[in-house]
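These are the structures in question, set out in turn.
Two complexes are shown next, each including chain A; its partner changes from chain B in the first to chain C in the second.
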Partner chain A sequence: MSRSFTSAGTLDEAFAAIGAGARPVAGGTDLVVGARQGKAPLPEAIVAIDRIEALRVLDDTGGGLRIGALVTHEDVVASAAVRSRFTALADASAIVGSHATRANGTIGGNVMNASPAMDTGGPLLCLGATATLRSASGERVLSLDELWAGPGATTADAGELLTAIEVPAPAPGTGSAYVRLEYRRQMEIAVVGASAVVTLADGSVSDARVSITALSPTIRRVAEAERALVGGDGGDAGVAAAARAAAEGAAPISDVRASADYRTAMAEVVARRAIAAAIARAGGGDVPIPASDALYGA
Partner chain B sequence: MKTAATLTVNGTDYPIEIDPHRSLLKAVREEIGLTGSKEGCDDSECGACMMLLDGRPVNSCSYLAMQAVGKQITTVEGLAGGLGVGALQAEFLQQGGVQCGFCTPGMLVSATALLRRNPRPTEDEVRLALAGNLCRCTGYGGIVKAVMETAAGHEPELASPPVHEARHATHRAG
Partner chain C sequence: MADTDAAPPRPRFLRSDGKEKVTGAGRYTADLTLTGQAFAKFRYADHPHARITRLDTSKARALPGVVAVVTQDDLPDVRFGGLVQDRTLFAKDVVRFEGEIVAGVAALTEEIAAEAARQIEVDYEPLPVVSDFVAAMEPGVPPIHPDLASYEKDENVVADGNTMAYSTIVKGDADAGMAEADLVVRGRYVSDASQGVPIEPRAVVAQWRGDEVTIWSSTQVPYAAREGVAHTLQVPEANVRIVVPLLGGGFGAKCDLHFEAQVAALARAAGRPVKLVFSRREEFTAIAQRREGIVMEFETGVTREGRLVARRAKLVLDKGAYCGEGGFLGQMAAMHACGPYVIEHIFVEAFLNYTNNQPSGSVRAPTAPQVCWGLEQHMDEVARAIEMDPVELRRRSLIEQGAEGPTRQIFDEIGMKRTLERAVEMIGYERELPEDEGIGVAVGWWPCMPASSGAYVHLNGDGSGTIVTGAQENGSGAVMAMPMFVAEELGMRPEDFTILYQDTAAANWDMGSCGSQTTFNSGRAILAAAADVREQLLDAAAEELEVDRQDLELADGTVRVKGSPDRSVSVGDLAGAGTIHGKGSGDVPEVPGGDTGGCVGRLGNETFLAPQLITQAAHVKVDRATGVVRVLKVAAAHDSGMILNRSGADGQVTGGVVMGVGLALSEGTQLDDEGRQRNPALLDYKLVTSADTPEIEVDWIQVPAKGAGPRGSKGVGEPPQVPTAAAIANAIASVVGTQVRQLPMTPERVWAASRGAGA
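Up next, the complex of A and B:
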């Protein structure tokens, strides 16, 4: 196939190009860098989807959220609805890359790149988000653990595009947080990360979701950590037990950024901070966005 | 396999031929000839290639040139207009925010993006906004101070001393 570039203004135009063999690019922040690093060459035929206006809309559905795949991180974190009710996602979008990454990188690109270190993945997984995949012939909705198949791999077909992420309304009394360990405050990839979504009712934890980032082939929830919280009072002992359980769910790799041993040791620290921040927010406490900055030295 | 396309850089339309894999940085430097923006890491880490796209920052080394068609591209050459320097650039000179100069175009563009959105940033906000721009000379102190001084006094796009006067002042100071 000869090298080509088209810019799609509508989904139909995008599917026409994809049907002819083109591969999509949105903000390019992963695709172009990945090609330079030798992960995968740039596709010979490229269709830019970043100007499809219908996918650039963040809808507050009156409780839940519908986030178009092309909504940028900058727009996610600017959303009052995200900041108030889906705070863990705001924590994550606030620290993706640098201000340039956030201005161009999209939530859809982050999710479909399927990095086990992606910042938005843990919050979305814990918040119960679903991914809407559309093709020229139809549409299907997957949970994120059905979507992510491994590092850099999804179960989406080549003819499918992610069109939206839908996030259900959290229960009253819910707080959430995402915390990552980082060596640099911007242009950083999570060394390890943790997300927590905790619901308090009558002084005890009625629901808890805990996930770990950059600690397993895909971002995953750790049921043992969640069980350690539910029914408890959300105090230090329960938080510590849950954090230990989260770390026991880790199966990290060693790479240039950290050894597996260091990642495992830090998993407990980062999980403890994320769970504590989520509980504080659930109780009306003021933990600034991003929680990572707020918890330096905690 | 190049495609005819027009890039709009600093308000001027440049009809050029673009390979679909060409980065915005390479198209602007090599096809258009505006070499202010630098290639440091070619990996979105160092920020030397920073440009504005419709007013928002972009690592132009990692952005396809074809995706910039129809957008307003701003490079360091377009920050002040003409041959002068703007208030922000003058403060970089004044505060010692420039040593070897390689990171300076990216720093200026990132700082401009910050000040347009947040005209009165705190020092921490300045450091965060510039954290995607690496400098190996200055230790950042002069750079951060230059942005803070600009925020305290002037808008970055305000008129400025002509470039020869600024050079003169630097030589005298040195």
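Up next, the complex of A and C:
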């Protein structure tokens, strides 16, 4: 049972409440739903940060991107900058939950919830995003690798608030994609997901980043898969080899959603599709957003 | 869309509960708040099967804010259930599934009630858990109900060990028939359990006044609830009033007595109103109404020309821990293992077995979608075996007028074969498709359920009218359409009438919103009541206008002389004294006879009254690499007799098909080894969403049904779900090259089947 609820209008008010032990809530799509499902009771003290306008800004920084923690998935998908240069992130935000989830759920909440199945995590990781954490005493910037500590766990201190995600400018000739296995078209959670960011230069792959989602305790990049692509021509053989490597990097479990065998097999399929879509986009091809939909057809 | 038998033109009709539901103004049971109300919580079993050795409620009772704690020791020692009375309101000595209720608590807040329920101390001696419903009937498996022989039960129930009911459908000599066949084809199919999942979770509010109790409940069957409360609390039915506020869906899952009596017992003990609202988890685990798991083995003897010489089938069904209203499920499943086909020799047996799983009961066309899914895939296998197109095999073997059913019932004029041709036409069966797309066809049937009903139509002094019916509106619009029918009988407007419904103190007994029976039976009663009013109006007008009754007609809110519309008297004037009251029940249709003498465990489904006949064809796209299936289109052609309300009937097909897509592809309750549900939540029990909805094309083959519902109609609500999963299954098989033998056909299962076929 929640004992106190504060609504902060500014970052200072938020830090005051957090300093007094309150947990921040923005869209409430994880915290509230989780409490209703009995995952974890609502915290004793909650501070709503959804009125802090400064955190709601999505800045095109001229090449790179600064995404305020309160930017919703709907805002992300609507951003021309995201769609054109950080397409994998648009792929992900476009398929989080339902229309209602996307209208309320925030990028900050998604990242700080640290679920290994979060859709935006893989794209952000591959795009080299960093998290800006602020506290009453200062600010620090972490890579997402450094931020995520395990399922539902981060290295942020109790007094810290994620204020923004910064994404550096991708090199020219870069394309990206996120693909998720989808049992149904809305209200879905990733059972297997894969992200790819690929840069083409002079007809060969000059840089590649590949990550897998919902296949290990945290979302992780698979170096073997990336190595299989770099230096190659981005053709079917290289893509297939990279996808196999991505699947080998998985540590899947068997549960109510799928068997480990199926997850492993799907890791390869989904990784292959994500990499192929990223290469197609890098080469100027048109793969509609979200890539998942386009690849399943109809 | 072709409407071959156009209905008479009808003014645009808006259902009277539509606006409040769409705008959110409508009030459901959970929205009720009574002064002084307390909140109920249940303490559930801590083991799926165990003997209770100690039950101590003293800590819970001592908790401040607790106003009542009730266990079975506080209540009359009676058992309830449909065909077998095997359950008590709260556990008596033994718990038999995870959702068994050990005790109930009422407290001033929900939080206190939840804490008190936790503080009830229960010690158990665990008993062996029987979750595998096929193994349940093997020798040596301990009985789940050792006292089954001594329970009250229907005289036709054949019970043995953990088999609660054994039934057969028998015609001719199946062994001889198999010997005569050119080929014998066998197939085994397994369906998981699934759920009805109404979006409104169950809610019950009970309030006593002296010895009388009023219970507001989200039930589909208020009169069955009244009977259940009266029986289990040992009070007269007259003292129990069930009122249903708006009902937020049911799909069968809100049939039967469900928690009204426990809440009434808590309210009586507390001396104040008590309210229960289920969580989504409870809506999955504690209810005794889910679609049963079934293991099906089919064997069909066929000639090369597609004549079905013999059918053998063995069906094993998971009854779960208690009978509830679902005692008939085995025999119903057996009829669906025959299907709407002409088969010369039949031996089908069904075992409805007790387990320590959640009890199963009626969910929309109980047993039919799963058995149809198995049988219709088997029929496609039969067609393949004789190298015949599956539609052609059905064309040659479906029932028609004069044909003989599984127990030799003879059919009147029916549209079965016409539904096949129409569905095949709508889906474009013959056209070329991309290699990852396929079309499947399936047929099915469902009986009409005859039952008594009664209605009143009162005319008020100003000429408006009130319809009083025991019928229950589950959302389908069947009750909302009643003013339209009454107005047509009386030459009035639908908006001249309001409806008093869902209150057992006001209206006659009604079976409830189940068995596709609302228009079929309650509609008959309402039309009879309207005819009674019509007679009274004609008598009164004949006297007023001094003309012969024969010369009068009812139109435009008046009774007038045919051919001289200016000689008229308004209904308002005739009704001015407030003396015009009609009542009616109509004659209950009779179930047709047959040669049922060879059948064992006859529970009333050996023949089908006015069968509703269905063909659906599905067009799917299969992603072979992942097993993900998208349903692109479903074409549905139904014979439900004459259609009385086209938009309502179309709506039932649309909803039924969507529900069928879920059953086909994603909806399955997964159990652990001890019968506990692994996915009792909407994240992992996957309903389809509106985004997954295929194009759905509907047409009706309107053949007037003799001796059936009003104006030549049959039921409508359940059949739409019967063959959807089957049609999708056959479509998938046409792409992946093999049948998927487990339901739901999840991506993983389709992928595995596809790999098996490719190997």
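FYI, the second predicted complex is superposed on the first by the 294 of 298 C-alpha atoms of A that agree within 3 Å, B and C clash if a C-alpha of one lies under 4 Å from a C-alpha of the other, contacts with A are read in each partner's own complex, and residues count from 1 in each chain.
Heads up, the rule we're going with is that a residue touches a chain if its C-beta (ideal position, glycine included) is under 8 Å from a C-beta of that chain, and two chains touch if they have at least 3 such contacts.
Just so it is clear, the structure is predicted and the values come from calculations on it, not from any experiment.
**Student:** Check chain A with both chain B and chain C modelled on it and let me know: fit or clash.
**Tutor:** They clash.
**Student:** Per the contact definition in the header, classify A:259: touching chain B only (first), chain C only (second), both, or neither.
**Tutor:** After superposing on A, A:259 lies in contact with chain C but is clear of chain B.
**Student:** What is the contact status of A:234 with respect to chain B (first) and chain C (second): first, second, both, or neither?
**Tutor:** Neither partner.
**Student:** For A:108 in the superposed arrangement: first (chain B), second (chain C), both or neither?
**Tutor:** In the superposition, A:108 contacts neither chain B nor chain C.
**Student:** Could you look at A:175 and tell me whether it touches chain B, chain C, both or neither (first, second, both, neither)?
**Tutor:** neither
**Student:** Of the partners chain B and chain C, which touch A:116 in the superposed model: first, second, both, neither?
**Tutor:** neither
**Student:** After the superposition on A, what does A:97 contact: first (chain B), second (chain C), both or neither?
**Tutor:** After superposing on A, A:97 lies in contact with chain B but is clear of chain C.
**Student:** On the A-aligned overlay, A:290 touches which partner chain: chain B = first, chain C = second, or both, or neither?
**Tutor:** After superposition on chain A, A:290 lies in contact with neither partner.
**Student:** Determine, under the contact definition given at the top, whether A:38 touches first (chain B), second (chain C), both, or neither.
**Tutor:** Once the two structures are laid over each other on A, A:38 reaches chain C alone.
**Student:** For A:68, is the partner it touches chain B (first), chain C (second), both, or none of the two (neither)?
**Tutor:** After superposition on chain A, A:68 lies in contact with neither partner.
**Student:** From the superposed pair, tell me which chain A residues show up as contacts to chain B and also as contacts to chain C.
**Tutor:** Looking at chain A, the two contact sets intersect at 37, 98, 184-187.
**Student:** Applying the document's contact rule, which stretches of chain B touch chain A when the two form their complex?
**Tutor:** 1, 3, 19-21, 23, 42-45, 47, 50, 53, 56-59, 62-64, 66-67, 69, 110, 113-114, 127-129, 131-132
**Student:** List the residues on chain A that touch chain C in their complex, please.
**Tutor:** 1, 37-38, 98, 181-187, 189, 256-259, 262, 265-266, 269-270, 296-298
**Student:** Would you tell me which residues of chain A are touching chain B in their complex?
**Tutor:** The touching residues are 2-5, 7, 25, 28-29, 32-33, 36-37, 42, 46, 48, 50, 74, 97-101, 103-104, 184-187.
**Student:** Spell out the residues on chain C that touch chain A in their complex, using ranges where they run on.
**Tutor:** Against chain A, the touching part of chain C is residues 111, 281, 621, 623, 625-626, 628, 630, 632, 665-666, 670, 678-679, 681-684, 686, 688-692, 746-748, 751-752.
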